[in-house]
Amino acid sequence: KEEGSNEKESFAQLTVALWSQPITESVNLLVDDEKGFFKEKGIDLKVIPGAGGGDAIKNILSGQADIAFTDPGSLYFALDKGEKLKVIYNIYPQNVFNIVALKESGIEKPEDLKGKTIGVYSLTSGTRQNLLILLHQVGLTEDDVKIVETGISNFAPLIQGQVDATAATDTGLYLAKQKGLGDVNIIEVRDYLNIPSDVFVVTEKTYEEKKEELKRFVAAYRESAQWMLENPEEAAKLAKEFAIDGKDENINLEIIKLRNASSVSEDTEIKGLGAIDADVLQKGADTYQQLGLVNNQLDMSQVVTEEFLEVEQ
Amino acid sequence: MKKTSVYSFLLFIFLLVIWEVTSKSYSELVLPAPSVIVLTLVDGLLSGYFTQHIQRTAAEVILGLFFGGVAGFTVGVLMGEVAFLRKLLFPYIIASQAVPKLALAPLFILWFGFGMTSKVVITALVCFFPLLENTVTAIQLSDIQKQELFKMLGATRLQTLIHLKIPSGMLGILAGLRVSVVLAIVGAVVGEFIGGSEGLGALIIATQAMMDTALMFATLILLTIFGMILYLTVSWLEKMWMKRLKKEI
Amino acid sequence: MKKTSVYSFLLFIFLLVIWEVTSKSYSELVLPAPSVIVLTLVDGLLSGYFTQHIQRTAAEVILGLFFGGVAGFTVGVLMGEVAFLRKLLFPYIIASQAVPKLALAPLFILWFGFGMTSKVVITALVCFFPLLENTVTAIQLSDIQKQELFKMLGATRLQTLIHLKIPSGMLGILAGLRVSVVLAIVGAVVGEFIGGSEGLGALIIATQAMMDTALMFATLILLTIFGMILYLTVSWLEKMWMKRLKKEI
Amino acid sequence: MSFLVMEDVTYSYEQGKNQILRGISWEINKGEFHCLLGKSGCGKTTLLKLAAGLLSSENGSIRLQGKEVIKPLPNCSFVFQTPTLLEWKTVIENVLLPIKLKRKIRSEDMEQAMEYLELVGLASYRDCYPLQLSGGQQSRVALARALMQKPSLLFLDEPFAALDAITREELQDDLLRMCYMHNITVLFITHDIAEAVYLSDRVAVMAHGEIVYQTPIMLERPRRMEMRYEPYFNELCFTLRQVMNGERL
Amino acid sequence: MSFLVMEDVTYSYEQGKNQILRGISWEINKGEFHCLLGKSGCGKTTLLKLAAGLLSSENGSIRLQGKEVIKPLPNCSFVFQTPTLLEWKTVIENVLLPIKLKRKIRSEDMEQAMEYLELVGLASYRDCYPLQLSGGQQSRVALARALMQKPSLLFLDEPFAALDAITREELQDDLLRMCYMHNITVLFITHDIAEAVYLSDRVAVMAHGEIVYQTPIMLERPRRMEMRYEPYFNELCFTLRQVMNGERL
């Protein structure tokens, strides 16, 4: 293919820094060799792994990547440190975090958590931050509960009865149920403060210099997300090959369905996939400040840009 | 000797049975039964699910071990020989070892990229120190009388090293190497923990997120087997060396 | 000797300057300047921010080192003496070392609770092996002629151990201990990585997610200093021992 | 009645390979002083180690006071061909070692040790380390240590080889006196024919693992300097010389 | 012209502490054979090491062919008081060591080494390891190794101490023949007066770090067995004995 190599020169190299390993739920980013969402838009996509949203942001700050797939919490921390960042796409407008308690514990609403022992992954995980947000919404603080760090398999202590409740995500809960977690009460954080779970973030520099490429990227990602929404079975099948945790196709399918559900919201129905709600991000930032997690007043309207989201034609 | 292996095997079976029985009273999430783990392991091996991960980790371990080992030995020899270097460098070397590599991982990635290099560097760093320590000590330990002999024979420093100090310290050096090979695996795995999309370490992280404890244990078994192979290789080297020394074991 | 410290110090200053210059071209989140780090460190120390974390980690390291060290030495002696035990236990010990503790951390928490115990156990496990390896080797190395002497003196096995094998292998054992103390810190920190709300390891994790890289480096410096203190203590022990051996250094 | 009896003793270091000792029989009565002569490598040391229970024979039996010797006995003492001192202990500590292995050291022991050091002319070296002694001084310390055990049977493997004629003759007289006083039975290896004749009640000559000649020495006790110049003495020396040379069998 | 000249040589092992050698002066001409006698601990080994450049004197000068000796010279060879063989090399490898340190071993070297092993009567032990040899055999290997260097100046520190009279006398003759053939200058330590007289052109007696007596030996060369029984020989021995005993000064 002679032209192929010619074409390559006009290709834009873009690297996405993930918050995790290449896992099933982001399979739409991993299957470009197969599906070509990004190639068609003239983008040569590379995905690099990370251990947490903080890693993703550091990777764009150090130039290892152009776009960070990260959670708002990490975004707030970086902004708090004075970094100049832009949010260009809302990947999961739904908050996927929840608090899970065994039925017999009688915990049904956030207020019931008072005085209880609650497990989180670690001191800085999304599970803890979202637990704090939830408590904050009902006027409780960290001191009203006992938080223990359980490490990543946080459902085990719940099953063993070492904690009364555990903070988790929707996918974690699904997997735990598969593994024999009995009847549980679930408190969804989204019912109290529905900040997005993940957004695409770029540095201001990248934003200025690579506008054209970013626009194509957003369009391509939107297509891929659309594809995942429409073809969950195909995505689950491809995840088997492309995702490190995609061993079981049935589980893949369920996870993809969960993520599909968190990719859409009332906003996206109107404005299309990726629509950013600056207000809810602002609310999140304010909550973080009230919780003492960040020091400065952050102005999200300066950070959010919807210019790549405008549908062409 | 045969008897020992029998006992060792019996002990193994005994532990397995205890485990199997205990696991019945726990959720599979907490403690999967050995039978389940073995099934997962065999299944993964046959289906080729593990293959690329094993290859990747093996490559990292072997490369890291090679660079770290060569560096540890060489620097150990230099520092054992040159008191000036010893005093000059030791603070830096202890510092480089006392720092948890895992915490520096983002920096390593910054410096060495996302590929295999960063993991090889971490592995090399981890297995560098035990070999260095033991080499420095072993090199300095050799018999004073024999050193006088070499002086008398007009041996250069290098020759004294090759023909006297290294051979007479060989067993100590090999003890260091044994610690190093075992740590090398830990190094590679920890390297993959931080930012790897391939390799047994990355797989462990994935299995935890997947809450597939049985698969995690299967991966750990693979790592353990790998560690034991490396360890036994060094033990074999030692046996060869001992044979040279005396004809008995 | 004085000259060496001057050179060592100059090298240190040189490295700092390079770092300071390099850091200018990076974001503070990625590579903070040494000046910023030192400020953070001093500030944290004066305000007492670090105090509880230092205490916690020190307690874990010292307890872990104590248990791991005593166990490593004792088991090393036993395995060096009893060939049967050596052959029986080695597979299990290698296995226990080749397994990445970080992966097993959630299990450790299930077994040993959320408190300090699980971290002490990890620390002990980590520093157990190097001491064991070196003790086993050193114990077996002692002069055959001297062993015959002790046989002739009707020494019991224990006496031969105490008066011959351990003293003659002391330098090798101390080399193992040096590796162990350095690894002990890594062990405690890794233990705190998994699930700790206190301790320098937990602090590192916290700083990482909060992207306070300067604070992370300050914590790493504290850990490094701690490691060097432990290392130098062992070196001092060695010097004392060498003094007994010959009156020179 | 015989004190030590060897009957048809055979030995080889490697099973089935060439025999070092071939059917040796020998008897020593209580309080007697026997010497073994023989060319270098003929098996003297091997025989002594067998008699002391350090090696065990393939065929034949070795009995001490009627009891089979299977391991070194507490009332036996051995001075090895090389001094074999512990480098990390001072001279006095080395001499006191046999006591220390039995019980706490009392002030009498200290005095006794100093007495023996006086005897071998090294009282002023009590706090030196072995590496600070000359070759001959080291072997004298080893002798003092053997005496410290207050043995009833003493094995000496060329203890005076590293000594000058004067010191040697002084020590010979001291040794004879000691043995007479405490009724010590002695089996002594030397390559000095005159020494053998002067010291012994009976001399045996070994060659190629066999005792090829033996003779009683009919000299008065206590021995006196002048005896060395008597014709009987010289004749015996001459005969033994010829035997060793293979000329008279 | 003198080959080796020592002038007013003084030495003490610990700076400022008691002097081991006190103002020793000595000359050896090319091809001469000199012996040092003296009681154990009088400083013979120390003097030999100084002459060989293994130690360096505080005062005075040591010159070989007019050039100051500051380190061991390639044309000098030293046989230590203890054999000092490398345990991990076979007998033949030990003998070939001096060559191996210089260049690749050729087949002539191999032949030469076998010749020397033949000379010391150990040709059949070529592939044994040192630990498999008797004490006397080890010291003979050390002698063969020294000869392998083809030295023009040979230092021997009681090389025959561990040998029986017969083997010793054979080796004495062999050594003299060798030295005569290759015009080797020899400085020899022994505690055997007859040996000193038989071998040397000149004998010195040391006591307390000084040369207290010296005498030329006016015996014909080549030496013959019978000379040992000549009155002149016995007279010399008697005188030297008295000197060593401190009776005649």
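By letter and in written order, the chains are A, B, C, D and E; residue numbering begins at 1 in each of them.
By definition in this document, a residue touches a chain if its C-beta (ideal position, glycine included) is under 8 Å from a C-beta of that chain, and two chains touch if they have at least 3 such contacts.
All figures in this text were calculated on a predicted structure; none of them were measured in a lab.
Looking at chain D and chain E, not one chain touches each of them. Distance from the centre of chain E peaks at A, each centre being the average of the chain's Cα atoms.
By C-beta contact pairs, the most connected chain pair is B-C. Centre-to-centre, using mean CA coordinates, chain C is 51 Å away from chain E.
Averaging C-alpha coordinates per chain places the centre of chain A 86 Å away from that of chain D.
Chain B and chain C have Cα centroids lying 16 Å from one another.
Residue numbers of chain B whose C-beta contacts span two or more other chains: 30, 106, 110, 193, 208, 247.
In chain A, the residues that touch at least two other chains are 58, 62, 152-153, 156, 160. Shown for chain D are the residues that touch two or more other chains, namely 82, 131.
Counting only pairs that meet the touch rule, the chains in contact are A-B, A-C, B-C, B-E, C-D, D-E. On the chain D side of its complex with chain E, the touching residues are 13, 37-41, 44-45, 81-82, 132-137, 140, 158, 161-168, 191-193, 241, 244-245.
Put simply, chain B touches chain C in their complex at residues 1, 4-5, 7-8, 11-12, 30-31, 84, 87-88, 91-92, 94-95, 97-104, 106-107, 110, 129-130, 133-134, 136-138, 141, 171-172, 174-176, 178-179, 182-183, 185-186, 189-190, 193, 201, 204, 208, 216, 220, 223-224, 226-228, 231. Residues 49, 52, 54, 71-74, 76-78, 80, 82, 84, 86-88, 97-98, 100-101, 129, 131, 149 of chain D touch chain C in their complex. On chain C, the positions that touch chain A within their shared complex are 26-30, 105-106, 109-110, 114, 193-197, 202, 205-206, 208-212. Across the interface of their complex, chain C is touched by residues 52-54, 57-58, 61-62, 73-74, 77-78, 81-83, 121-125, 147-153, 156-157, 160, 162, 293 of chain A.
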